[in-house]
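Same chain, two partners: chain A is paired with chain B first, then with chain C.
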Partner chain A sequence: MSHTSVAAKRLFIEYRALTTDALDGIAAGPVSEDDLFLWEALIQGPGGTPFEGGVFPAELRFPKDYPLAPPQMRFTCEIWHPNVYPNGNVCISILHAPGEDPNHYEKAEERWSPIQSVEKILISVMSMLAEPNDESPANVDAARMWRERRGEYERVVRESVRRSLGL
Partner chain B sequence: MSDQQQSFSLPQLAVLLVIGFLVLRWILWPSDRNAQRPPGWSNTRTRGVNPAHVEQIAQMFPQLSRRDIIWDLQRNGGNVGETTERVLSGRGLEVPPPTFQPPLAAPSPQAASANPSDPKLPAQPDLITRYNLASKLATAPEDAQSDLGQKSGWSHNKEERQRLLQKRREEMILAARRRLEAKG
Partner chain C sequence: MSTINVEDSTDWLSTTVPGLSRLETSLRCQVCRDFLTSPMITSCAHTFCSLCIRKSLSAEGKCPACREPESVSKLRRNWAVEESVAAWRAVREKVLAVARQEGKSEKGKKRDATEAEMEAELPRRTQRRKVVAIDSDDEEYRPEEERNDGLVPCPICSKRMKEADVFGHLDKCQAERQQRPPPKTAFNPPPSSQSTPTKRPQNLAHANFGLMKSEVHVRNQLKNAGIPAWGSRDVMMRRHVEWVNMFNANNDAEHPKPRGQLLRELDEWDKFQGGWAARVKKPKETDGQEYIRQHKEHYEELKAAALASMRKAVAKPVEEPKEGEPGQQQQNAPNQQQQNEPKPEASGPTGALPESTPAAGPVARADGHSPSRSSWKAPEW
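Up next is the complex of A and B:
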């Protein structure tokens, strides 16, 4: 069986699981079933954080050898967060293949492996929104603001949440 | 007195020179030998084997030796899936011949995060505009609410599935907008 069909099969199974047992605050699936390797996910901002009330769209691009290699995840909206690059790319350990550790601190079990899943990625991203990881700043300015001027950071995030919903 | 001192210091100087020479040689010699090893190693061929793939498999199956992994990948044309399946099926990897000496380099710090320097995301329109929800925002939320019950449905029809997912997305955005609006 070729890589592509293994990957597509697995992605379809994950899609079905995420639909029948939908996670609270997450809507995820392929943009079109004609291409199972490109997904769109909507993630609700976790309660009790400045992201609360917001909805954040992101795209997931899966490699042809998924689940051997992890997908790439990128927010397609403005998001002011220490672990999200200004271009929207998400930087968390579960999205890094075992061989690559750009930060040289991640534990192997936190990183991508075939036993992880889209569901686990989305849950990790939700908790990342709630608790930024100061060790791997992808957005240095946001990280500094989060560390040194928490009030301002929260205000910037709240404002962008309102703006993103057209308010 | 001064004569005696000078004749004393000459042999000392000679000894110092000899010791200095030996120390220099000692310092230079091992680095010479180190420098000679790698070329012999890196010259061995590992055609078609991507070090990242080797690393990937090695992380999945820490019990395997990298040499066995490289050997298997080289023989199946660098097919990670095939090697993985072979290990998972319990067949195990073949032991390479002793002459097979691939360069067992430490995992290179790849340009793993090639993404950071990408240009900044251009300003995005708000979600209501992006998902074309302005008209739905105006309609009363009642009927929309009643549909929420089927949000976890899985249809066997492809188009229907697509439609349900789209609906879930729209509902999520509309609900968020209404909540935020109510908060003022």
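Up next is the complex of A and C:
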């Protein structure tokens, strides 16, 4: 195998590992086996949070120089969260290359490095759902609501979860 | 992608020895997840494939594992790991088959045998295996016994001789041995790569493109390296970095590939980059604006030159394009390129060479960019 498909091979290995050694509450894999650079992930809302009971689909787009550069992750469903942009893009430090720091607060050790993985991203996102990072307001309104009117925030989230389940 | 048939460390989780998964993980590169190829150890004592760590360091001069600042000059080969990987890969398939088979047979036994029977069974099984092992040892020795020619083998070189000659031979044999390189083990690396470093070409140095103002310098850098020198400045720079990393990683390999194959791999890399070749760090949305800003001066020069030459050539039709242009230039770059193109042509017939040559620069550069931009979507799957 030539080195040009290092990214594809690594993605395939990651996909395999995620299948044989599955994580609780997380499923992820390429949308089609013809294109390993576009993945779909399903994340369960963590228990004990207003997201509990929900299942949140997201897509991951990998760059050609993966794993040197991180993928982009976007929720393809409605999600009300301080660290998710209204368009669904997820804003957490593990998805940012060390060179870029949109919010100028992230520690280098929390950011992307080639030894990070899809698995670690999804785990981080899951814990992000449970514990929003107030310092990085991708969705300012959600951040303010979470900070100032927690009860309302939780109600809004729970409603959106119920809507997503068609209840 | 179905052609990819990869094994990974989770293969072991379903066997009787799931712990081997950890062993295998330690023999794999954390960057590419494949078995370590030409493993290199960093000054912070992390080990990666030579190519992986070189690429990582090109992208960011830090160790991917601990983010300590690191440079390629500090990398050293990790022979022990290389040997372990080779040894493990050689037996992996067999071990996997055994580990899976044992799982099956044990399950089968659990169904029809009581625990006591199992206990009784186990030592017998190991005993039987020991016997087999001794048998096979005997088989190896038998031919020697069978020779029975009254000669004995030298304990060092196994050459057969009369027993009385052995002592005399030993001194000579030992001296000969010492001159020869030691056998290949993890700690005595293969002589081929250690004792003959002169055979390998010197590692290439990364070029300092920051100091090269002109694209011509960059292009020459690639020509001197003997690699394709087409494309925009950015493409050429990235190709050169890729080539240096590939070349040096190949130098680290126990069995380096011929240069021709490396060049083919570079070509594949180029193809794989496809539309992304001109990928810039800026977000895509601002691409057009960014381009205009970057090249504004150039366009301004070009415009002035073109207008001057047109004025020289014909007096009247100059006025109209002069008015229309600045507005369009602000709006988008591609249009502007089209606007510019006819002008040097117009100036061409007048024989104003100095004006038309600067025009060739940005137009060529725009060409370098535009195919990639137009094909941006296609390779993005």
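One rule holds in what follows: the second predicted complex is superposed on the first by the 163 of 167 C-alpha atoms of A that agree within 3 Å, B and C clash if a C-alpha of one lies under 4 Å from a C-alpha of the other, contacts with A are read in each partner's own complex, and residues count from 1 in each chain.
Following the convention adopted for this analysis, a contact is a pair of C-beta atoms (placed from the backbone, for glycine too) under 8 Å apart; a residue touches a chain by one contact, two chains touch by 3 or more.
Everything numeric in this text was worked out from a predicted model, so none of it was measured.
Enquirer: Have a look at chain B and chain C on chain A after the superposition and call it: clash or fit.
Expert: Overlaying the two structures gives a clash between chain B and chain C.
Enquirer: Determine, under the contact definition given at the top, whether A:Leu36 touches first (chain B), second (chain C), both, or neither.
Expert: It touches chain C, and chain B stays clear.
Enquirer: So, A:Arg10: does it touch chain B (first), chain C (second), both, or neither?
Expert: The answer is second: A:Arg10 touches chain C but not chain B.
Enquirer: In this superposed model, does chain C or chain B come into contact with more residues of chain A?
Expert: Comparing chain B with chain C, the partner touching more chain A residues is B.
Enquirer: Regarding the shared-chain residue A:Thr20, is it in contact with chain B (first), chain C (second), both, or neither?
Expert: both
Enquirer: Would you check which partner chain A:Pro46 touches, where first means chain B only, second means chain C only, and both and neither mean what they say?
Expert: So A:Pro46 meets neither chain B nor chain C here.
Enquirer: Name the contact category of A:Val55: first (chain B only), second (chain C only), both, or neither.
Expert: The answer is first: A:Val55 touches chain B but not chain C.
Enquirer: Answer with first, second, both or neither: which of chain B and chain C does A:Pro67 touch in the superposed model?
Expert: It touches chain C, and chain B stays clear.
Enquirer: Once both complexes are aligned on A, which of 135-143, 171-179, 189-197 or 207-215 in chain C overlaps with chain B?
Expert: Stretch 207-215 of chain C has C-alpha atoms clashing with chain B.
Enquirer: So which positions on chain A get touched by both chain B and chain C?
Expert: 3, 6, 16, 20-21, 33, 65, 68-69, 97-100, 108, 113-114
Enquirer: Can you list the chain A residues touching chain C in their complex?
Expert: 1-6, 8-10, 12-14, 16-17, 20-21, 30, 33-38, 63-65, 67-69, 97-100, 108-109, 113-115
Enquirer: Taking the touch rule as given, give the residues of chain A at its contact with chain B in the complex, in rising order.
Expert: 3, 6, 16, 19-22, 27, 29, 32-33, 40, 42, 44, 53-55, 57, 65, 68-69, 72, 75-78, 85-89, 91, 96-102, 108, 113-114, 138, 161-167
Enquirer: Using the touch rule from the top, collect the residues of chain B that touch chain A in their complex.
Expert: Those residues of chain B that touch chain A are 52, 55-56, 58-60, 80-81, 84, 107, 110, 112-113, 115-116, 118-121, 123-124, 126-130, 151-154, 158, 161-162, 164-165, 168-169, 172-173, 176-177, 179-181, 183.
Enquirer: In their shared complex, at which residues does chain C touch chain A?
Expert: Chain C residues touching chain A: 1-2, 4, 6, 8-11, 13-14, 30-34, 51-52, 55-56, 59-60, 62, 64-65, 67, 246, 265, 268-269, 271-273, 276, 281, 381.
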